[in-house]
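Naming follows writing order (A, B, C and D), and every chain is counted from residue 1.
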Amino acid sequence: MTNKLKIINDPVHGFIKIPYEILFDAIEHPIFQRLRRISQTGLLNLIFPGATHTRFHHALGAMHLMFTALENLKLKCIEISKEEEKSALLAILLHDIGHGPFSHALENILIEDWHHEKLSLLLMEQLNVEFDGELSMAIEMFKGKYHRKFFNQLVSSQIDVDRLDYLKRDSFFSGVSEGNVNAQRIISMMNVSNDELVIDVKGIYSIENYLTARMFMYWQVYFHKTASLAEHFLVKILQRAKFLCAEGIDLPASDNLKYFLNRSQHSKANAEDIERFTELDDYDVLLSIKKWTKNSDFLLSYYCKAIINRDFPKSIISSKPFTKEFIEDKIEKINLQFNIENGKELVGEIKRTLLPYDAENQPIFLLQKNGEKVKLEDSENQILSAFIMGENTKYILYFPRDIA
Amino acid sequence: MTNKLKIINDPVHGFIKIPYEILFDAIEHPIFQRLRRISQTGLLNLIFPGATHTRFHHALGAMHLMFTALENLKLKCIEISKEEEKSALLAILLHDIGHGPFSHALENILIEDWHHEKLSLLLMEQLNVEFDGELSMAIEMFKGKYHRKFFNQLVSSQIDVDRLDYLKRDSFFSGVSEGNVNAQRIISMMNVSNDELVIDVKGIYSIENYLTARMFMYWQVYFHKTASLAEHFLVKILQRAKFLCAEGIDLPASDNLKYFLNRSQHSKANAEDIERFTELDDYDVLLSIKKWTKNSDFLLSYYCKAIINRDFPKSIISSKPFTKEFIEDKIEKINLQFNIENGKELVGEIKRTLLPYDAENQPIFLLQKNGEKVKLEDSENQILSAFIMGENTKYILYFPRDIA
Amino acid sequence: MTNKLKIINDPVHGFIKIPYEILFDAIEHPIFQRLRRISQTGLLNLIFPGATHTRFHHALGAMHLMFTALENLKLKCIEISKEEEKSALLAILLHDIGHGPFSHALENILIEDWHHEKLSLLLMEQLNVEFDGELSMAIEMFKGKYHRKFFNQLVSSQIDVDRLDYLKRDSFFSGVSEGNVNAQRIISMMNVSNDELVIDVKGIYSIENYLTARMFMYWQVYFHKTASLAEHFLVKILQRAKFLCAEGIDLPASDNLKYFLNRSQHSKANAEDIERFTELDDYDVLLSIKKWTKNSDFLLSYYCKAIINRDFPKSIISSKPFTKEFIEDKIEKINLQFNIENGKELVGEIKRTLLPYDAENQPIFLLQKNGEKVKLEDSENQILSAFIMGENTKYILYFPRDIA
Amino acid sequence: MTNKLKIINDPVHGFIKIPYEILFDAIEHPIFQRLRRISQTGLLNLIFPGATHTRFHHALGAMHLMFTALENLKLKCIEISKEEEKSALLAILLHDIGHGPFSHALENILIEDWHHEKLSLLLMEQLNVEFDGELSMAIEMFKGKYHRKFFNQLVSSQIDVDRLDYLKRDSFFSGVSEGNVNAQRIISMMNVSNDELVIDVKGIYSIENYLTARMFMYWQVYFHKTASLAEHFLVKILQRAKFLCAEGIDLPASDNLKYFLNRSQHSKANAEDIERFTELDDYDVLLSIKKWTKNSDFLLSYYCKAIINRDFPKSIISSKPFTKEFIEDKIEKINLQFNIENGKELVGEIKRTLLPYDAENQPIFLLQKNGEKVKLEDSENQILSAFIMGENTKYILYFPRDIA
């Protein structure tokens, strides 16, 4: 093992250690290496040019935070076996392995009704065979079947290390310091009560601050109106490409991408689907988009040029839906001005909704000094949580710049 | 203009302002937008996973430092006109516009005898036509023809803002803090004497520190043995691909890449060459490499798999060249073990040379309090410069892991 | 001037330039140099050991942000004359010059009814005589009498550069990243409309984030229960010392401190008061406290030892006042256990109140794209402001550890 | 213990954990708390205003790095017992406990022939009695008597955690990024061979970079000419004060400081000396200096005013000693101009010497892959070490500004 003990540079967390050999082997696997070619935040770099970081790096970062979280819990006298530690690290390392290219935008587009968690599980099971069952406990944890719930909660909950890493990482690379959550502090406030993940009561402001930081990251970054538009166009492009393929038009694309463009939507995913999916990455998609900027289909090239040349239509944002009249008026003007048949395809409304704190489904519990648990929003010292338990929605309307 | 006044987030420098409208127009040009798809440090992210930043961001960052440098010089009572300021910003913004995909590795491979500076100039001249001559002074500065030399020295010298940005940026994204040069301090020590760029004498240690930081970045990062190997293999791949194309084999590739693979090396670059080159980016090259991992040509797929799956041969580094016997012995073993004809293609030596301070060709001058200039290495207070005026060379030998 | 052009290192903002000679002269003045010996956050370093920074550094930092803010406004075509710029820099540089030792705790204790702003103004006027009237416009700005209101608002409002610097600086030195407000971004969103300071509408989330960051800094840092206790004890010490002096007891102290301990409270401040006050700093107070740990007066030494040895009584925090019964019970136990007459002096309640956003007195205005102004809380895109317009109060009760 | 498990905020390292109860008790001890009132870098804040950090914080930071270093060694399969870990943490926590006020300047002045290490040991032994012998192993390690040498080398050698912390911390607080050594990386490269501390060979550039960073910190910060002057004047002040006391003049000072001013130099240190010394801190010294600015002794007040008002004489720096003639000329001018008898006391030469890498006495060993050790300077891949094995000396001459 010693010669496998690697340290990976990470500008976000410093250095990432790989404390078990099997982690190293998992990282070296081509299916994991492929995450190097899948960006963490899709087209966000069109707005925040530093956000070119990858899912590969995020997975390593989340593993690092898991390691830190477990070390901290052990200092608080929570018993964690070597086997549990190794499995928790594997579970978080592989939690995103099912992500495809531009996944948040494109999942369900390439293979209907498949989202990345389903695929992550499937690929973990496949790797488990290769690794002679060494991933079994990790898979239990990932699925929430392991009897000590907090392992799953560290992988997936409102205060999991996945979120802690991606908020901090996305903030770091995008240069939007508002989202720079204090992961180290939140981790040091984590505790375990009856095998459930809780937060020591004195960490209350850190948690409230984290929830608001997350909220601001969504509105300033993830739901940024141009970012939303870019993602929306990405979907439009793939949908249009599938439509054109269905019409019998041969679009240039890599073999694997072509396969999915032509794949019948309603068929059940089979082994070939999975294999080809794991060979697909951002490069397949973006290179095709670049080619399609010159395609003779007006809409396809229109959407593609917006992305490749970063030349988006005008967009406006509102906290209320746009009226039908307002939208119709835009379409009419386009039809007059552009003299095209599908003018209404150039106008669209995008809806973005955020629930800052999902108190109903995933309440955060504070551990009080007397050993009792209290919900964050019920704690007598909370100052913000109670105000962020409802959904917020914004509407973005886009239309060609020339008619503005 | 007001509605063009944009601020771009940059995790390295904070916020980048765009103080002239023409800068904004240049940034929006597709030829410049293309730099978003060209990574700043090529395959370095295989070793430092954070290093996914682009030439686009670097160009903006260097422009920001130029702005800061000129502001500082104005505070020191150096007269700089609006026209000069605008031109200096344009010159640095566009200084790298001629970079192709993986340029440091691939320039001269795609088009023989063309390096990026030649192409940058050509594209700047092309843009100058589009912008009605507004780039003329910038081009003079870029070429070193403008009568006030310091503008060119800020674009290209041992202490230019290009280096300051890329060292700081590469250090930031790779997470190798050793290269985090203090750009702000060096800029604040810059001065102008007889229209030449100089450093105020009290900045002597900052400059020496900068030169050593740069040296360490080269040995720890740019010339890292696996990074060197990755870059070397990239060249091997393109050379092999061109060889196979010349043999009449049809390799899958994007149209533009195919064009260059089949282009006759010794022909003079023509308009089509230029146009196609400006449509090429990392995505064309990397997607082909991914496809070629499955190519029937052993060598081509061998090199490609190393990069795609990050599965490199063993490499060793030395400050002396490896002996012929040592290398022959490796080849013999391969021929025996692998039973292939071109075993010697799997072994190779890479040479890396650095001159930390090029005192002969580009001496750095210190401005003393009495107004006289003195070469850095001749200053009575220098403590390191004199030791880093010679070249350093390291040799890297690689060969398949199995025979190690 | 050139040889006065200084650059001061600041780990928070990088480098601070001093663009006018008179700024340099003001900084060199002994009254300003004295701020080096007055800590910015009083006894906060007892809880956050890094928080040892001084008012001197804060004043320089705020001046730096003012410079940045004015540069930014000029880029937005707001006309600002050299005279105005110089005066605004002077106004912010000197805005805290009237602070005495541990001022937030001790003002009104040493000289009754004097708070630091009153004294700052008085000292600025005194300096104005020395500087031949060069501070006149700065004083107008400081007093809010200058006709362009935004200069005063940059010095003193809910989004002034004073707050931006102290939040960022206190966050930096204390290591509490939650308060690391994005000063650069907020400044870049500042604008001026009808000579009033406003925020460009797209900066709405940055402002909301800033208001919540400030709120968390108060609850996590400034109003931290032990920090509140330390400050409270500081006041108790000085009050007790004055009481003992009034009783005729000679307490060891520096001449200047002794003068204030013996000064009659109700007399009007005279020239000697002012002069002696400007010679007083943290060192006078803390050294006396150290001496008084050995004083024969039980209460005085009790309070002093708590601070010097960082050995505070137990404290509990609540969002409701403690009941009279609860407090009486503590006192009774002390009287029994300690056998002292003034047991009730060892128990106390401290009240801390914060108004996160003072919409009534100092509303923040957003400048919309149509040129109209709208109050932050009335903006359709606001997501938090409306919830933080009310006061929050917490109560801290302290009593000896042994009876807990 | 659980309720003693504390986390201390540190802007340099993030959060500092206190993993053993005895560490917490040691920190709470008044002798340790006193380090809060002793600045880490003396009067350096006169030049770098952020450098107000204390020995208290440094000791905690060094303890944190020790913890990290031991964790890392355990991952490399070096056996370290709980007892050894606890002792190593105690040894580094207390390594500076013997520091007095402005210690680097004033040690040997207050008590002749006593430097802080001697006193640290004495105080550790005193604490060991209070802690019932729990510090015995820590003391062995501190003295270098413990049989596993690397524990002592982590406390005191060219790559000890003391240096790593103070370089990083001083760099952080002063804002001089040149000294921001990569402590985390160096620690991750540490290893143990035959119970000696070594560096893994691949860490060679990190070590060379660290040595040069340290060198630059000395020349830019610690040996900054004004900083050197401030420290020099501090010594002059105490020497003058002792001289005046010996003459029978009663200088105002705190009891403890007065004790040392009047203490006979050549007497052996006794119990009272030690006790009083541990009650002395920067506040005693600086408050006296402030008082003495008004003293009737010209020299004493001259030196004191320079420090309090930051109004230093002119100084020039050179790599060669100043000639006798040059100095005599200055003195003559002073005698003419100032009309004072002791004009030569206003002129002085300060000598500063640094040995960047003490290869002779404390060689750094690299652990090669074959398990053999090689001296840093003999390693074939070293690029700088060989050039920094000799001493560098600079000379600073100061004299009143008016005669310049």
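Here is the rule we use: a residue touches a chain if its C-beta (ideal position, glycine included) is under 8 Å from a C-beta of that chain, and two chains touch if they have at least 3 such contacts.
The model shown is predicted, which means the values in this text are computed figures rather than measured ones.
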item	value
Chain whose average C-alpha position is farthest from chain D's own	A
C-D against A-C, pair bridged by the larger set of C-beta contacts	C-D
Chain centre separation in whole Å, for chain C relative to chain B (CA means)	48
CA centroid of chain C to CA centroid of chain D, Å	32
Centre-of-Cα separation between chain C and chain A, whole angstrom	42
Touching two or more other chains - residues of chain C	14-15, 185
Of all residues in chain D, those that touch chain B in their complex	177-178, 180, 182, 185, 205-206, 208-209, 212-213, 215-216, 219-220, 317-320, 380-381, 383-384, 387-388, 392, 394
Complex contacts: residues of chain C adjacent to chain B	2, 5, 7, 14-15, 17, 19, 75-77, 184-185, 188
Interface residues, chain B side, partner chain A - complex	8-12, 14-15, 28, 30, 33, 36-37, 39, 45-46, 48-50, 52-54, 56-57, 60, 172-176, 254-255, 279, 281, 283-284, 286-287, 290-291, 308-311
